[in-house]
Every structure is written in C-alpha cells, then in structure tokens.
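Chains: A, B, C, D and E, in written order; residue numbering restarts at 1 for each.
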Amino acid sequence: MSVALRSRLAPYLLGMPAGAYLAIFFIVPLFAVLSISLETGNYDTGFVLTWHWHEYVTAIREYHTQFIRSFEYAALSTVLALVLAYPISYWIAFHGGRHKSTYLLLLLLPFFVSFLIRTLAWQFILSDQGIVLGTLKNWHLLPQSLRVLSTPSAVIAGLTYNALPFMALPLYVGLERIDRRLVQAAGDLYARPATSFLRVIVPLSAPGIFAGFLLVFVTNVGDYVNATILGGPDTTMIGNIIQTEYLTNFDYPMAAALSSLLIGGTLIVIFLYARTFGASQIQEYA
Amino acid sequence: GGANKKASTGTGANEIGSTAWWAKQKQAGTFQFANWPYYIDTSHGKHPTLEQFTKATGIKVNYEEVIQNNDSFYAKIAPSLQGGQGTGYDMVVMTNGWYLTELINHRWLIPLDHSRLPNFAKYAGSLVKSPSYDPANKYTTAWQSGFTGIGYDPRLTGREITSVEDLWDPKFSGHIGMMSDNTELGSVGLLKLGINPVTSTQADWHKAANILKQQRHMVRQYYDQSYIQALENGDTWISQAWSGDIFQANENGYPHLKFVVPHEGVMHWTDNMAIPLHAAHPADALAWMNFYYQPKIAAEVEDWVNYICPVPSAKSYIAKQLDDPTVAHSPLVFPTAAMTAKAHEYYTFKNFNEFNTWNGIFNPIIQS
Amino acid sequence: MTAVAGMLERRPLEAKASRVRPARFLLPAYVWLVIAYTVVPIAVMVAYSFNQTPSGKTTFAWQGFTTTWYAQVFAISDLTSALEHSFEIATGSTIISLLLGVPLALALARYRWRGGVVADSVIFIDIAAPSVVVGASLLSFFITLNIARGLGTILIAHVAFNVAFVTVVVRARALGLDPAIEKAASDLGASPWTAFRTVTLPLLLPGIISGGLLAFAMSIDDFIITQFVAGPKLTFPLWIYGAVKTGIPPQVFVMGTMIFFGGVLIAIANTILQRRTQL
Amino acid sequence: MTPEEQAAPPEESGAPAPDVRLVQVRKHFRDTAAVDGIDLEIAQGEFFSLLGPSGCGKSTTLALIGGFEEPTGGEVWLGGREMSRVPPYRRDVNTVFQSYALFPHLDVASNVAFGLRRRKLPRARISSRVSDALELVGLAGLGKRKPAQLSGGQQQRVALARALVNEPRVLLLDEPLGALDLKLRKQMQLELKRIQREVGVTFLYVTHDQEEALAMSDRLAVMNLGNIEQIGAPEEVYERPATEFVADFLGASNLLGGAVTAVEGGVARIALDGAGEVRAHPDRLPQGAQRVKVGVRPEKLRPLRRDEAEPTGANVVQGRVRTSTYLGLGHQLEIDGPAATRLVVYVQNAGDEAPGAGADVRLCWRPEHTFVVRPAGGVREEEQE
Amino acid sequence: MTPEEQAAPPEESGAPAPDVRLVQVRKHFRDTAAVDGIDLEIAQGEFFSLLGPSGCGKSTTLALIGGFEEPTGGEVWLGGREMSRVPPYRRDVNTVFQSYALFPHLDVASNVAFGLRRRKLPRARISSRVSDALELVGLAGLGKRKPAQLSGGQQQRVALARALVNEPRVLLLDEPLGALDLKLRKQMQLELKRIQREVGVTFLYVTHDQEEALAMSDRLAVMNLGNIEQIGAPEEVYERPATEFVADFLGASNLLGGAVTAVEGGVARIALDGAGEVRAHPDRLPQGAQRVKVGVRPEKLRPLRRDEAEPTGANVVQGRVRTSTYLGLGHQLEIDGPAATRLVVYVQNAGDEAPGAGADVRLCWRPEHTFVVRPAGGVREEEQE
C-alpha cells in the first residue's frame, strides 16, 4: 500500500475497534437513556415511548433540592480537595528532589484500598462514640449529643477525602511540567517568591487544575455512596435518587430523566469552567 | 410483559403446581437455595442442617447468600421470569410485602404440594399459618419471622422506652434511627396514630406521612439493616429495630441493648420460602421445606439465627438437647402470648397502583 | 558534557526555588500531615482485620487482637467468589481495554484526522460522565435489548470506561516520543509492523503498564457502575455494600489489607521499572 | 538492500544511472507548496549539498527521496528505478536525522545493528559489521552504552554509523550537525568528509550554513521557496551567483544597482546608479537584461593605500569606513559607498593595518571578480519567519 | 531599579564603582567545582564576554551574578554593594536566558511589562516603556501575540526587550543566540551590538562561539574548568593568547614545540623541535620558561610565491599542502610542516591562486606575529564530553 494512502487510512484502522466499542457501549446507551426518559408506563404494564417530557417536569419539581445539593457538595468538595492538594503537589513537584515518586506513592496510597472500605473506615472513625468523638466525649470535651456522621459536613468530608488522590495526581503532573527557568525568570524580573507563585506557577498549572476539577467534580456530583454511608436524611444526593428509582422503584423513565438532567448539568458546569478559565486546557487534558 | 404471564398461566391437567404436575417432578439430588446473609446455622463456613439434609435425602444444597433486599433481589429475578426463563434458583426467601405479592400475582411462584409437607402441617406455629398475604400458604412457608419494634441503649436514652411516642422525643434528636424500608416506616407511623395497618386507608397513610415528616428533623438516618451497627456504635440511641438483631447484638458484646414491644403494638413480618417458576429442581426444594419443619432442624437453625421460630416446639429441643436456655427462653425467639397479641400484619397491596401510591406518600420522607 | 550541561539547562536545580522560605519546613510538615490524614482509614482497615469479633461481624468496639481472620480469609464462600469475580473482571477489562485503547491512543498521537476530533471528545465525555449516569445508561441499554445482566455485562461496562483512561495515559506517553524515531525504523528497513514491534511498543511500554494498572485499579474498585449492570452477580465492592446492612465480616478488611499491600508492591515495582526504561 | 533492488537492471547501459534523479518533483501540503517542481541529478559517490534558508523545502526534498512523503507530482528515481511510490523500508537509502532519532531503549550496538537485523543477516556478519561501523566513526567500545549516556557529538556519530552500516546507495543527512556547538561542528565536518571519502557513498547533505556547504560539497544546490535557484560547484555558486538571492544567501555580498551601457572588446561597462562605472566580463551578463545589479564579494575588495595608484583596468569605488569589526582572522569593514550604498569589505589580518572607522578609502577589484544578476527576487530568511 | 539600589552610595568616591566585581568567587555542586575562584571587574557600559567550552562554568558564573545561586565562597559586588546573599528579585540585574524563558501564558506586551509591574510603576509609564522597548528591538505591533506565535529570532528579541525595559545596571545574556541558525545569528549580533550602544547598558555576554565573542566584545574572558585563563581585549587575547588552551580555543592555531635558545637585540630565538628556528618578541616569552610552544595564527602565515625571496627577518617554514578547502572568503590549507607538525594556513581569495593540494610551499610570517606559551594545560572540548 502506498505511503500516502496508508497514512491516510491508518488512523481509522487503528481507531476503529475502540471507536466502535465506545459508540455501541457508551454513546448509544446515552441515547437509550434519553429515549427511556421519554417513555411512560410502569414496570408492571411495561413502558412505551410517548415523547412525553413530563418526567422531566416531575423530576425537577420533586428533586430539585437533591440536584442543587449534589452540585453544592461536588463543588465544595472539589474546592476543598484543590486547596488541600495544591500545596502538596506543588511541594512534591518543586521540592520533592530525588524522592518525588515516593512522596507521590504515599499520597496515592488510598488508591489501593477499595473506596467502600475507606468510607466505612471513616464511618467507624467519625461515629459518635468512636475513636475520636467517643474519647473526647468521655473526657467531656464534647457534648454527649454532638455528632458528625449523617451531617452534610460528614458527606462533604468523605467526598473530599476520596477526591484527594484524583486531585493531587493531575495537579502534580501539571506542575511537574512547568519549566523551572520560568520561575527563575520571574525572580530575575523582581517577582518575590509569592508573586512568581501567583503570577507564573498557578497560571501555568491551569491544565492540571482543570484535569483535577474534571475528575473530582464529575465523580462526586454523581456519587451516592458517601451520602449513604456517612450521610443522614437531609444529605440525599441525586445519585441516591437515581439509584433508588432505577434499582428499587423500577421507575425507569424517571430515573432516565434524572440521569439525563444530571449529565446535562455536569456538561454545562464543565463548559462554564472552560469558558471562564480558557478552553485550551480541555485540549491539553483530553 | 403480559404475554409472558399468559405463558405461565396455562390451564389443564399439568398446570404447574398441580398435584399431577408435582407427581411428575423427580428429585434431581440437588437444588439452588437463595437466602439472606447470616440466616442459617453456620460453623466454619459449613451449614450443619443442610449437611444433615444431604445425609438424610442425598440431595446436595447449593446455598447462596445473595439476597440483600427484597426489591433488588426481585429486580434481579423478575426480568428472567418475565422472559419466561428460570431464575437459576429453586428456592428463594422473600419477606411478605409488595415484591412477594408481585411474585404471587404474576403466578411466578409454584404452588406448593402440601401433601408433601406433612411436617409443616404438624409443627408450624399459628403465627405463620395461612398469613393474610398468602392464604392457606398456597405458595409460601415461613423461614423466619420477626417483630419490628423499638431497640434502644438505656445508657444513652437514660430511661426505659415503652412507647412509639419515644421515637418522637426531641431529647433524642439526632440519635433516632428509623427504617428506610417505607413499609416499616409507614406502618410505625400508622401505629403511632393507633391505626391497624392491615385495615388502613390512603387517608391514614397521608396522616402517618405527616407525623413522620414532623419527626424528620430529629431522625439521624433512615436505615436499612445497618441500623443495628448504628445502635451498637451508639450513633443512634433509639431506633426502629428487628427483634432478632437485638437478640444477636446482646449475644455479641452489646448486652445492654434492649428491644421493646411498644404498647401501641409491634409489626410482625415473615421471611418466606418459595419456589420460583421454572425452577429446575422443585421436588428437591420442596423436600427441604418439609425437612426444615422438623423441630430438631428448626431448632438448630433457630439457635443460630435467633429470629422468631416458625416451629414453637423447637423451644424445648433448644432448651434440652441444645442446652441453650438464653435462646430457648428469650421472648425475642419464642414470643410470649402478650407479645403475639400486640403483633400486627402489614397492609397488603392489591395492585401496583396502591404500591405506587404508598411509595409516593412515604418515599419523599426518606429521599430528600 | 554538553549532554550533562544541557540536561541541567533544562532542569535547573531544586536549590533555586529553595530560597522560598516556607518550602523549608512549613510545607513539608503540611505534606506529612495530609499524608497522615490519607493513611488514617487505611490504618483502621488494617487494625480491624485483626479485631476479635464473636459474631463474625466487625463490631466497632475493639475486642482484642487475633489473626484468625487471616486463617479464615476465604471462609465466606460467596465473599470469596465475589472477590474472584472482581479479579476476573478487572483482568479481563484491563486486557480488552488495552487491546482497544493502545491503537486508538496511537492514532490520536500520531495522526491528524477528522475522526480524531470526534474520538477526543467521546473520550472526554466518557471521563466527564458521572458513573451513575454511565451505569444508568448501560442498564437502560441492556434493558431495552433485554440482555441478561451478569459478569458479561459488568465486563462490557468496565471496558467502556477503562478504554478512555488507557487511551489518555498511553496517548500522553506516545506524544512524548519523537515521531522521527518511527521514521528511522522504517528508513532502516522495518515494515510498519516490525517498526511497531521493535520500536514503538517497547517505547510505549511504560505508558501501557501504567494505563493497565490504572484500568485494573479502576475496575476492581468500581462500585456504582457495577451495581447498575451486575444483575444477580456480586463483585467485591457490591458484596461489601450489601454487607454494610448486616455488618462487615473481618474477612473484608483482611482482603482489603491484602489487596492494599499487593497494590503498593506492584506500584513500587512499576516505578522502578519506569526509572529503568527512562534511561 | 531488498532482493528486487539487487536485481535492478542497469537500464541506460553505458553511463551509470545517477544515484538520485528528481524530475519536476512537487510536494504540496494543503496550501503551502513545500517543494515546487525541482529537477536534480546526483552522481554516484558525489557529496551533494542542499542549501537554503529555513522553510525552503530542504527536509521535504529529503523526505521525498527517503520515502517518508509521496510527491504530489513528478518522479523520484533511485539508481535508475522510478520509486516515488515505494515505502521507505524498501528503498536502499538511509537517513541521518537532524534529531538523530536514536532508539533510546536500545544500546548503541543494537541501534547500529537495527538495519542489518531487519535484513536477516547472520549474527556473526552483523556484529562484525557493527563493530567496523563503530570503528569508522570512532566509537569503538561504546557499543554497550545507551544513547542517553552519550554526548551530542557521540550521538551524532551513532546516527551516522547506524545509517552507513547498511551500505546504502545514498545517504541523506538533514542538518546532521545543526544541534552541535560551533567548535564541535567544525570537527565533525572534517570527520564526515573523511568518512565519505573512505566509504565512497553518495551523500545528500542538507544544511543552512553556507560555509559548511562550501567547505564540504562537491556540488551544491541553493534552494528558495521550494525551488532550486542554482546548482554548481561551491566556487562557481559563490563567485558567480545566478540570482540576487544566491548572491545574498552565500555570505555578505555587495550589490549595486546599475544599467548596462556598453559591451565592447570583451568588457561590459555598467553605469552605477548615482556615480561611477563598473567593468565586468560580458559572459557574466544575464542575457537581455538592461537594468542589473553588479556584485562583488567582500574579500575581493581591496582598500588602496593612500598613495597607491589605481591598478589599470580595475574597478574602483570611493567610500568612508563606517565600522570596522575585528574577527580574528580578519577585519570586516562596513563602508558607506557611492549613492548611499553600503559595502562590506573583508581584510585579512595578515599584518598591515586595516583602515579604521572614519577613514576615507578607495576600494578596487578586478573586473573578472564582478558578477551581475537580475535585480529583485531574493527573499531573506527573516521575512520568511 | 528598586529603592534601596537608588540609595546606594558610590562608596569609592571619584572613579565610579565597577558594575560587576567578583572576588575569588567559588561555586561547588556536590563534587564538581563549577566555578573555582574567579576575579573579575566589569566597568559601566562595557560589553564583556565570557567565552569557554561547554561545562566550563559560564552559566554558573551568570547564575551567581543574577542571584540564582549563592556562591560557596567569595564576594559578588554589584555597583559597589556586596550582594552575594541577596535574592534575584532584589538585584537590579536582568538576564536573557539561553532558552528565552518567556512566559507562555502571557502575550508579548505582558511579558515585557512583567518586571515593571512588579515594581508598581503607573500603568501609563509601563505601557509607554513597553512599547518603546518593543520599538527598540523592532517588534512594534506584535505586543498582542503569544510567544508560541513568534519565530525563534522574534522570541529572542522579546526576551531582550523584557530584560532591557527594566533599565538594569547589568544585562546578563547566556548564549542568547545559541538557538538561532547561522544567518539569523549574524544579524542578531549586529542588532545586539547596536542596541547596547544605544542604551549604554553593561552587557555580560556568555557564548562558546569565539568569532561572536571577538566580533562583539569590548573585553572578554576565556574560561576553562571553572577558571579564567585570560582576560583582555579581543585583539589582545586572539593575537597574544596567554595559554595553550586559549590559543587553541580561539580559532585554529599552529603550535610548534621548541626551546628558547637566545634572547639578543630585541629578538628571542627559539629552536623548533625537529628543524628550523623561529624569532619572536622577547616580551612575548612566558617568564622563566625554557621549553615552550611557539604559535602563529593561520592568517598570519603567507605562502611565498615560488620565485619570491624570503623577506628579511621573517620566520619561514617549509611544508607540503595536504588539503585545500574552499571557504568562499578564503582557502584553508592544511600543511604538513617540519617534523611531522601540521600547520593550518588561511589564504584570502583576493585573486591570486591559492596553492593546491600536493604543492610544496614556504610559509613566512613576521616575528611580531609569533606568540609563545607554556606547553600543555589546554583542554579541548571534545575530551571534556
């Protein structure tokens, strides 16, 4: 086969299998959700596609609180994770010396524990009479009735914790990529360390920040495990609803409508982010 | 899938479940048993009663603890039943409630041949005979039952609990555990209002929902079975609870936890053995049902499980042969007449719409 | 020497930034603090794998040290089989997503083609889609085609999200390579396939390994998507989630501990290997 | 060398076919015409250089011969066979890439052996030829090193050995010394020249350093904007550039606008714009051109001593020294010539003082050193960027 | 300029303090001594070059002055203040990095404005000074571009503007033209020189291209292995190298071993090993050296015409031309000299034929062009690698 022809066909041949796979098992299902969300009926009598949008109306009417809450929690936990992780990733990238990978590994240790177990562990740790609160209460440093579990803060803490590695890693990669000479140059141009950090390092780590934001926010906005294990009655997230509607109530149209709304909302948030902080980062990331 | 339903409801001599049909079923020497976790006697990963059964009948039992809830398990088996295929199980254990009713209404269970269940006739207690959700035990026999009452930790509540009212006590705010199963939740609401769930009306449901809504801000969490950890950990001080769990907790390092039958009444539920349609080895499953109802066997299971035993005469066996008075004399395993008197059945949904209505009324309390 | 000096030109010294005072002790202290924080739950897991519990369910009160749970780690047959399922699926999905993802990564890194833009955005969305949505959509898909749920569907689902991760990781590595290197290979008489085998593949290997490990980790730890598409089958996380209701047997923590240390070992091995290949 | 090549019949019997022959070769990338129809013949064993500013199409030309690109039009002949559609791995042509493109995962020896392995030579043959090749480039004994453990110069040598060991018909070198620093570059130039003489392989050498091209090549082609502006021996191209661009690109040149006034007795007279007149050889005139630019190389201009008489028949211009830059080997004088022209003069530091800034000078040169080109056309690199 | 600098009192009243003064400065990295105790003074407005092979410590020296490194020992004075422990952002010294180190996320204007912003100048002042700076480097109007959208040469100019706009006391340039190709480099050299003259800022210029250093500097220092081998004006350093290394590093040099035999009547006689004798100025002799090496630059050697008589008092050696390389400006002859020595001769192409390969030649040069150094010591780059 001639060079030119090959180099024209090659990418398609290479990309074909994966492309086909994703088309069938990722794209099509997304549309399956859409179509189901427009069906009516119940599990008993079966569903028929009626192109009725009322599920969406109900979904929003019934569950807008959970939607808002999910986005709040996701946003909060993302910001927290960012604030927690940035200094670390920065320090490892710029001052980690020969032990960079070691520090990184330590930071990523949670990766190696099933996140259900991690969350359970937190439930153990934070429970009212547990290691922390219990002891403090026994010393009467805390009121008997004080609790952390099944409060929003517990859920957000859980989300943040699970997000940490997902935030730290891309941040590290982003910071690691920064050319040290730029920092030198900033210093040469009268920028104090703080200034060169703000004016040079942070802007240049934007792609890393975006990657982290993407992974964390998206993971958390749809999560329901933290809410289930660490949360209370008023911390239900949209994930919980979708899960119940799907797996318990078999109200597929409702569940589908909720899913569609969720992914729609997520994409909008990402889009807004990209808009405000520059879309180039998306390219750099994906 | 209406079509499938017809397929499963043929008529004539060999209608599934008819004596004629049962007559044709031969024991295959094995069957698939789907049950809930920690719901049968166990020692070193083995289940003695099952082994005895195998020894006695030569039928090997593949015992799987795959059932986590009625709903999700129903969701697992329903599609294949709807598709007219077997579920892969010959015996399932489901709590009385909508999903069991669903199975019955769809005729997705094989009617039992009571001629082959002499032990049931002989030993089953009144509490589990011909329940409202399955008259004459056409499809099911009880595996275990239990009471849904109130569990609490006196050290934390600081006083004895006697009434459903206490679940509404602001002093316990943030440490009150309620159940996420909306049937349980709704029913306790009804009890508080002094309404008998079985005869309750939709109006009552709304009233119950209202008082539950008022309680919401004090509730720590609407729990599934994990409420028991919450009680053990002291996260909740007072909680809706199942008799057996509290009993086991008492055995396993939490002797201080208490279970009460509040004076408003207690809900009585039953987990039922049933043989799903298209089961590959119905005869073997049926044989187990009968085998289980011997006092000896029931006793051995009970001595480990500690819910409410469907075979009252197992009590003496546990007391004497097994020499385990704590179990034998526990009112949580062999309830007193006084307790049974207070026991209520759940409302039985006539159709999906009722079920939906109930969900529509009570789910918002749990989910928000 | 030019090489050395050149290298130094590219990576000037840590020393330079080290004039940033806080970096001296404040930051390191903070770093260790957070690392400690990340380790706490792991410690709890390990600790509770040694906790005595008469009921065979982990009670949260400490009831004394024992190693029996390690002896009986596989005592709970269906927990064990759940774990087996998890490993089977993780392995399977890793292999498949590598087979699918590596070529795509190459196509994206090496060529500029119309399909590339599409593929890019699909991968992006795949990563940017909340698990619950992916799970829901796949479930809907299987329902509409009424495909029976089971290990098969779980595998399909896991590949569906792993492909994206593998592709991103491998593509990153591929972009780092000098395209002239492949030209050189063919210039020296290597047919495209030979060039791939003898040059591209070895050079991609670190990326492929990391991608594979990531995929494996993602798969073995996935709960949400799996819960949707699992049907009657249970994986390790699913089993745990179920057990949350009835109480966690210590075996879970034992397995968790084992997986943890296994994973850490592999990771260390991998980083060392990466170091090697960087030379 | 793949079988069919070896079986290649020498079609034009008699004179051996040129190793490389390009016929009206064009290569377009979307809008840009990287190579815009060039003709070229390179004889066996020749050291041929492609010289030109960045972006003029040198690498693309090489890619077309190496087989990494397919021509949009035209024919690429290698040793008497049309090969423009043959993939690289079937051409007995090897390339030394600007970035060296060594295989980082293979040690030096395996890098060099790569081509031979592909051709399934017996182990023994391979290892002996590899060590010979490393010998040749003076890296004997470094076979076990990884490329990353070598200096720039050494990597360069490995790349060379890796290509040469295959005894290609033609060796293509794309700015092979571009990445090395000056001192090292000069060394490698001699090195390369030596090696080429030893193995006698045809070299097609791309560079944008005209001094390098002049010093090393048997013949060279000056490219601009995808076209070849001039082909010839270094001396020829430097002393008698065909176009203003060539004149300009090959070192500093002094170009003065003028008009041909008369051609008589083997001398062409050109009146400079402004003042004065310059004599040149008639055969240097671009045919049929009225307005022209006359040029002379800086080293050809000789500042006359104050008292010195103008040599008869020589061209002379007046000027004042503006700057005088010391370059070690010589001085470079910038001189304000007649009519606001700027002249560059090069004076070797052989002993006698070079005139300093501000001095008035008369510059003279011989008519045969005058070259004449058509005005306009030349494009300077800076504008291309 | 930060306030405290402005307040800096000119301590040594009278003669202005040198802009840069290094006193016994040393810098050790773990084992390597990158800079090994150097003394240096650079006067205001001077164009000073650091010349040396790769790895000799040039960049490190710059880093010490720029404040990116703290010296292991010694003092760094800037404009009469000891500053070796002052962080970069408090030194009114700016650097043009070899890699330019432009901020990729900022457009050209913001890059240039960066330093001024840090110093909190009023908006208006900043923008006017920025546009002036861009004007100066000939990039007016490109302010809105991102660095990635510029060619190498343009990026180079931005880096320059970014540094100059701060009107630093000293401008440090680390091989600023290293990344540009030859033609462009020559242009930028003139450019830089022009700008330096215009703004009159002190330039400390690092390069390893001796021609560049010679052409541009007022004074230069040749470094080797962390030491300064010689400081002086280009002519001085080139014509009278102090050490064999310097002789060798600054362009081709012909070094012949010999021994001083006599010093009489203003002439030193040195007997060459092998045969012949060379005359030199006595004051060129390294004091107290018996065995020496005599050197002469290639352009100083003149091949005598066959019939031409030897100029009286001139040094003459016999030889046979081995190779003759055409370089455009001139020919470079490699000559087999007496006693297996190898001589390099440079002949300008001024007109008369340069002797071709194989020809026997007599080479003569004037005694004052002879330089004499101690043998040994010099280290060639190649060996360093």
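Keep in mind that, in the parts below, contacts are C-beta pairs under 8 Å (C-beta built on N, C-alpha and C of every residue); 3 or more make two chains touch, one makes a residue touch a chain.
A quick note: this is a predicted structure, and the numbers were derived from the prediction, not measured.
*Asks:* Would you mind checking which chain's C-alpha centre is most distant from the centre of chain D?
*Replies:* Result for the farthest chain: B.
*Asks:* In terms of C-beta pairs in contact, which of C-D and A-E ranks higher?
*Replies:* Result of the comparison of C-D and A-E: C-D.
*Asks:* When you take the mean of every protein CA atom shown, which chain's own CA mean is nearest to it?
*Replies:* C
*Asks:* What is the distance in Å between the mean C-alpha positions of chain C and chain E?
*Replies:* Here the centre of chain E sits 54 Å away from the centre of chain C.
*Asks:* Using Cα averages as centroids, what's the distance between chain B and chain E in whole Å?
*Replies:* 93
*Asks:* Where the centres are mean C-alpha positions, what is the separation of chain D from chain E, in Å?
*Replies:* 28
*Asks:* Mind pulling the chain E residues that touch 2 or more other chains?
*Replies:* 54, 68, 87, 99, 381, 385
*Asks:* Note the residues in chain C that touch 2 or more other chains, in rising order.
*Replies:* Within chain C, residues 1-3, 9, 12, 16, 19, 60, 143, 244 contact more than one other chain.
*Asks:* Would you please write down the residue numbers of chain B that are in contact with two or more other chains?
*Replies:* Expected reply: 69, 233.
*Asks:* Tell me, which parts of chain C touch chain D in their complex?
*Replies:* It is residues 1-3, 6, 178, 180-181, 183-191, 194-195, 198-199, 202-203, 277, 279 of chain C that touch chain D.
*Asks:* So in the complex, the part of chain E that touches chain A is made up of which residues?
*Replies:* Residue positions touching the partner: 2, 66-68, 87-90, 93-95, 97, 99, 101-105, 114-115, 118-119, 162-163, 166.
*Asks:* Mind pulling up the chain C residues that touch chain B in the complex?
*Replies:* 53-57, 59-61, 63, 72, 75-78, 143, 146, 148-149, 231-232, 234, 242-247
*Asks:* In the complex, go through chain D and note every residue touching chain E.
*Replies:* 53-54, 151-154, 178, 181-184, 187, 208-211, 214-215, 234-235, 238, 249-251, 297-300, 302, 325-330, 332, 346, 348-351, 366, 369, 381-382, 385
*Asks:* Provide the residue numbers of chain C that touch chain A in the complex, in ascending order.
*Replies:* Contacts found on chain C: 9, 11-12, 14, 16-21, 23, 27-28, 30-31, 34-35, 37-42, 44-45, 48, 60, 99-101, 103-104, 106-108, 110-111, 113, 115-116, 118-134, 136-141, 143-144, 156-157, 159-160, 163-164, 167-168, 192, 217, 220-221, 223-224, 227-228, 236-237, 240-241, 244, 248, 252-253, 256, 259-260, 262-264, 267-268, 271.
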